[in-house]
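Next come two complexes built around chain A: one with chain B, the other with chain C.
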Partner chain A sequence: MTLTTVKLTLTVNGEQVGPVDVPETMMMQDFLHEYLGLTGSRMGCGQGICHACTVIVEKEDGSLSEMRTCITGVQWFAGRKVRTVEGHARRDGDGAITELSPVQRAFIEHFSFQCGYCTPGFVAAATVFLDGLKKKPVRRDALEQAISDALGKHICRCTGYVRYFEAVRDLALKTPGLVEA
Partner chain B sequence: MRTAFTRRNFLKAGIVAGVAIKISSLPQRVEARLIETPPKPGSDWLNAKGKPNYRLDAIAKVTGEKTFSRDYRARDLDGWPQAQSHAFLLHATRTDRAFAGIDLTLLGEDLQPDRVVLHEDLVADGIEIPVPGFYGDVFLVPNGQTARLLGQPVALLVYHDFARYDAAKRRVRFDDTVVRYGEAAPSTTPGHYAAARYVRIDGGDPYAEDRYSSLKETVIRAGFAGDEPQWPAAGAADPMARGMAAAAEIGKEIAAAGEDVLVLKRSYFSQSIDASAMEADNGNVWYDPSTGILRAMIATQSPYEVAEVSAHMLSKSAHPLREIDLKVGYTVGYGTKDHTIFPFFCVLAGLYGEGRPVRLANDRYEQFQTGLKRHAFWMDNVLAIDRKTGKFRAMTGTYRNDGGGRENFSASVGAVGATAAQSIYYLPKSDFSAATVASRAVDAGSTRGYGTLQTMAATEMMLDEAAELLGMDAMDLRLANILRSGMKNTQGAIPAGAMRHEEIIERARAHPLWRERESRKAAFEAENPGKKYGVGYGHVQKDYGTGAEAALAALSFDAGGRLSFAHVAHEMGTGTTTAQAIMVADILGVAPDDTEYGRVKWPQMPLNTKDQPYTTPQDEEDRLKLDPRWTPSFTSPMSASNSVYYLGHATREAARLLVELAVWPAAKALWSRGIGGGQMAPEAVRREDLRLAGGMVNAAGLQPLAFADVAAEAHRQGLVTGITVHTFNRWQWAEAEFDLGDGPRRFAIDALAVRYGEGALAERKALMTLDGWHFVDRNAAFYPPVQRNNAGVTYYAPMATLAEVVVDTATGDVSLLSHHSIMDCGTHVVPELVSGQVQGGLAMGIGHVLKEYLPLYEDGPGDGTWNWNRYELPMASDVAVWSQTVDFLPPLSDTDPPRGMAEVVMIAVVPAVANAITHATGKRFYSLPITPEKILEALA
Partner chain C sequence: MMRKLLWVAACVIVVCALAVASIFFGAFEKSVVAGDVDEPLTADAMAALAERGAYVAVAADCYACHTAKGGAPWAGGLPFETPFGTIYATNISPDKDNGIGGWSRAEFHRAVRDGVGKNGHLYPAMPYASYRKMTPEDVDAVYAYLMTREPMKVANKANALSFPFNIRRGLTFWNLVNLSGDTQAEVAERSAAWNRGRYLTDALAHCGECHTPRNALQGMKADAYLKGADIEGVHAPDLTKAGLQRMGFGPHVLSAFMKSGLSAQGGMTGQMFEVVHFSTQYMTTDDLDALSAYLFDLDALPADEMTPEMSEPAAVDAELSAAAKPAYLSLCSGCHGVEGQGIPHVVVPLSTNASLRLTNARNLIRVVLDGIPAQRFPGLERMQPMPGFAAELTDRQVADLVNWLRRKWGGQEADIGPQEVGQLRHGLETASAGR
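Take a look at the complex of A and B:
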């Protein structure tokens, strides 16, 4: 057999990547890790179960969606805008972090993670969830269930999920416009 | 407890047998250090009270920085080449036929590996398995022989580029034509491993001298004949014979029990599970044959062991070795990255990289196939209870745990399980034995719980059934039998400190979940036809530590008061790096400005050790300890819930000594300035008046001093300004006496090095010959007696859980509505980390009791097809994420030490859920996990 390559161009964390030759069968996760050195989107299962590899795809209309990179071929991302966990915080010209995203800030203040391996997937899921609430707020009495639905497929082996979920709830409640009485 | 079965002891046994390596020479050529993980925490990480606003590693982890070993490639490591190779292993999935080579035809021409390594290559190059027995006998299955265990690697394939590696690995996955097998051949699975027995008969009451106990006499050990342990004959001639006589006496008494005694005999099974640490095993190794330097970056809980054993592994090989430089990133393993064979496969890969760095990283299928498992346990319990009083008269437990095809810590896990079986109860007579057997299963090892989850869960399930049979309230039955302060455990040792089980039980029985369980059950079931409601309780205590806990920590400050801290501990997710820094702040009133974790190179501690803490005879230890540089063990891995108490002890002692030797004398000097003894003279200020908090030094009503000013004064006077300690614990702390020029002082450490301030006299500075430190020879050392090894354990943390479940009688599904836990873990260093451990442990326990299961043999994980699609981990919807609470007993005093609790937190919920399902359904379950299928079968 022969390894067939394709030319790939996409946007990752606001910067254009490519065109670059990549094997057509390569998964996005391996491209991020081995070609771009972005190892934050983690390999957990390689089958789309654990969601540790999840990144955000920024759509043309400005909305956000989650995408698992361990089971999605790199070609699917051609021409698309991707935000990995490395792209959430603001950084200065040297790449040093100057400000965490609200979700990242909530997670660290709630001591949400332990080993932190699954954290990038939870950052992506919570960011997409809260972004969705901006357009479609949730009733207060439905908030916990909405969080469970949004984050419920992500696996964490250390924390029992409690501090992730509580962090998202607190952030939703203190961010104006996301939760209706 | 790791008893006498540690890797180190096997290693030493090898030396005694003539293996040509001198361990004492290894530390000089072994260097391990933690990657400095950017970005550092911001200036806001501590609040005004000196407590953390977030974890020390929080920003790095939440922004996706390279933190785990798995995140690193050669290009990320200083001094390594940019380009690297990648490797993967091919595995045997059957053990009944001889391995007959590999066939890579399906890879075509362009995906052929750049290098294939087989067992025969290792033989030719003189590479042997390190620590034979513990890690098996061969890395790769020899051609013509059967695999020792399912999933054992047969070949290593190295690729010099990632793309071909990736494509090839995906191509061969699940393909059963690549590994070829020949004719049926004899089994090569090792013989059964070991058996240990703990027998005790008290002296008439819990406080009298025991008639027989393992602490007083011995642990009884046995080999096997066939599948059965061959225990020594009963008699009076020696401690083991007397122990067997005591066991026989207990057996006879139970057999002769009359109507006034309930003799309950039950058998339980606890399944094998995969710890499923999300970071799978991995490592990068670069071996440069021209220099003989082996550089490695490997995920491990035991870096010192990996470096040392790697050197041992190469000592007789064709690969010259001059130096090992091991780096470790953050990792996570729940015990399964402690003393596992995988790092040595990484070293193998590095040796065959043709001078290039090689990365070996398991995918999840491979991790299931080769990662250490939690042991399956088969447990036969007998409990004799006085029907009138509910008092336990005697208990016996006969346990068998399957260690799979490499021994690893399996015998130790069996023994620890046996010593934990008493759970929270006092037993006047007990006989617990563990037979650790070998099989072709994937090897099991140190996994969170370490045998105790299995045996204690069984005891708690049995307690619940006994109460029902006796017609007693389960809490009353517990109270009649709890282990109280000063009573002995089943090894005959008195546990450390207060036993607070009664407080926990009283809180639990007053909780609405328990108090109202019958009325809630009636109301729920009336409203929900087809669903059954139940509440269950589980209450356990878990030992922490190994009986040979050693650690090092160093604290020093400069003339500007900048505090530097270094420790052997490294981060496994539990938050130890945060907690150690906070312990410093709690004592010194300032947190370290610079921290370094995972340090293995300690030039200021030139200690001599044979690392035989469990097996050195007392008379030899008495002789060895006269050498002021001797210690039983240099350092411990990150395991056994050891960080906050044991590793923290080194931190706390270093900080306390800095207070005694630097802060207090320097502050006194500042307060005494001026005529007539200054502002201090009119006051009766004592050492105990000293308070350090918020960066200030206070005592009585004296002028508050900034820590930085005190530090400057200590430097000006040439006082001690840096402390390095080595600590050792054998179920009690080693102590030693030192003289720093002002008379002998005794501390709970066994080695000390100090650094003197800038103003020190020249002759003092001349003593600082070891990397700027003065190693202070101790005058005398006081080690806990060797016999204390037989105590098994003296440090416990208790936890209880109430679980509220609903069982759907149509589907057998169990839903956890809520749970409430109560625990005592002493002082909380960082409360958020403590509650996080509880929440996480509960989830893992819920997985064990309801979901997680691995078959042991041909259809099990060794076949390479297991992943999280069929192995169900607990999800948020399984753990009552919004309806769980925990209640901590307040510390007994402000000096109540923190207790190791990373394992106990996952255990109580196992019997709690099992007992709740029984309350709901009226059926008892003796085999875990309790799946919907088992429930439906029981209800049919």
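Take a look at the complex of A and C:
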């Protein structure tokens, strides 16, 4: 049996990938793991429920959105800009991490995770959420609900969500311009 | 001459006015309730009837409408959006002030079968045009059962209907046109199962209220009985034998589908999910088999399943495949499978899915746009939520995808255009999508 392939070109963490031949039925998760060695996006349920496989898609208008890679085929990402969990921190010329992103730092400071399996998805969700607040700040009294709405679909089985929640709330409150009085 | 004409005109006007007034005041109302129900039921008779009444009420699906989401049981409050305004289901718990605690046996019969309640005419959102065919014994049983429920002190919500629809007595006109004076008699040459199935279909389960299209006067079209209708933004499919076979159902599968809500033809969604949830899952196997036998016009379910002949996956033209297949592989195949096979106990298959086989594409388009929430089916089955793709796909892309799916696995023509998707995306009812 030969697999039908398609030519794929996309941008991952700021770098162009491809054109590369990939099986037309391949899921993005497998492409990230097997072709690019980016194993940070986790395979959890494989059914789009747990959201551990979520990555960020940077749209042309500069806004960010979440996409689940376990149930989304590679072809959907053709020509798009993708940010995986490996692409959030600043790195030096050798690729060593020099500075975590604000969301990553907040999660560590708040001890938000234990096993860390769900963390790449939460990093993506929180980053998309806070980026959205830059353009459209949330009222202080609506902040908690907005965080729940933004992170609610992500499943964590260790810490019970509270520390993720507190980390995002803390970061939203201390970052100027995200929360209105 | 002029004087004579004026006299004639005046007479015509008076006669018309008299006719309208007599209709309005109920002179032509045809009650199917016999006088013997004026005699109250004894306490012993009520106690004896209540248990069977629970089953009749389940088969008639009373609870689903007469209980608001998260509201007190039987206390009403569920809103019905109609073209004429909003109607709220009423409290039918036996509370004396707000419910039917003070209703006599005769008053209950008149409400259920004639559409005339103790407090005036009912709106046909209450399916009395169907319940009219219920036997007096079944109405008694429901009455006895409801009187055993907990009285709920929950006030009825006022309807928000525009003039003249807010005048309850105006229903006399609708009733005159749409209510038959006859009730359903058994057809002697058909089996008991067929007759029971007909009674379930037409009276208790009131299938035609959604599945039979309505005429300009909002009555069920007798000549299009169960042939499918657009209602509340979705298409209630054709339930005639031909329609069921087109969807891929055989009689045994249909009976099981009404019990479980799941089959190779897909999962129950929307209001039919609720019908399974509150009603048909609790029906006896005999009743479900009878229902299915009647819909397939059989006197009994056959020993072997009559699996309808299904066409092989159709060839899809190359241009449509090029436009739609990448979208299917990208957004659908992760769960529904590359071959449309689905995932057992998680995601329904598409290759045998009834929604792809309907001539009317409305349900498929709406599901692609809006998705389906997670559903818990009887017997520990769970279907995961389907995301909506309204934000990911343009009208053109949805049309291509829907055409490709319908062509490949539904044997339908690839004739859906982006404008039809756009109209459904914006919630507009259209004539074209309602074919």
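Operating definition for what follows: the second predicted complex is superposed on the first by the 179 of 181 C-alpha atoms of A that agree within 3 Å, B and C clash if a C-alpha of one lies under 4 Å from a C-alpha of the other, contacts with A are read in each partner's own complex, and residues count from 1 in each chain.
Here, a residue touches a chain if its C-beta (ideal position, glycine included) is under 8 Å from a C-beta of that chain, and two chains touch if they have at least 3 such contacts.
Computed from a prediction, not measured in an experiment: that's the story for all the values here.
**Q** Between chain B and chain C, which makes contact with more of the residues in chain A?
**A** Greater contact footprint in residues on chain A: B.
**Q** With both complexes superposed on chain A, which partner does A:Trp76 reach: first (chain B), second (chain C), both or neither?
**A** So A:Trp76 only meets chain C here.
**Q** Determine, under the contact definition given at the top, whether A:Thr84 touches first (chain B), second (chain C), both, or neither.
**A** After superposing on A, A:Thr84 lies in contact with chain B but is clear of chain C.
**Q** Check whether A:Thr159 is in contact with chain B, with chain C, with both or with neither, and answer first, second, both or neither.
**A** first
**Q** Given the touch rule stated above, what does A:Glu24 touch, chain B (first), chain C (second), both, or neither?
**A** second
**Q** Pick one for A:Thr127: touches chain B only (first), chain C only (second), both, or neither.
**A** Once the two structures are laid over each other on A, A:Thr127 reaches no partner at all.
**Q** Quick one: classify A:Thr54 as touching chain B (first), chain C (second), both or neither.
**A** A:Thr54 sits against neither chain B nor chain C.
**Q** In the superposed view, which residues of chain A touch chain B and also chain C?
**A** Looking at chain A, the two contact sets intersect at 25, 47, 49.
**Q** Which of the residues in chain A come into contact with chain B in the complex?
**A** These residues of chain A touch chain B: 1-3, 22-23, 25-26, 30, 34, 37-47, 49-50, 52, 84-86, 88-89, 96-97, 100, 104, 107-111, 113-120, 123, 144, 148, 151-163, 165.
**Q** Can you tell me which positions in chain A touch chain C when the two form their complex?
**A** Those residues of chain A that touch chain C are 6, 24-25, 27, 47-49, 70-76.
**Q** For the complex, which residues does chain B have touching chain A?
**A** Residues 39, 53-55, 57-59, 61-68, 70-73, 75-76, 107-108, 110-111, 162-164, 166-167, 170-171, 275-280, 330-332, 334, 363-365, 572-575, 832-833, 836-837, 839-844, 867-869, 873, 875-877, 879, 881-882, 884 of chain B touch chain A in their complex.
**Q** Using the touch definition from the top, list the residues of chain C that touch chain A in their complex.
**A** Its residues touching chain A are 325-327, 329-331, 333-335, 338, 343, 346-347, 384, 387.
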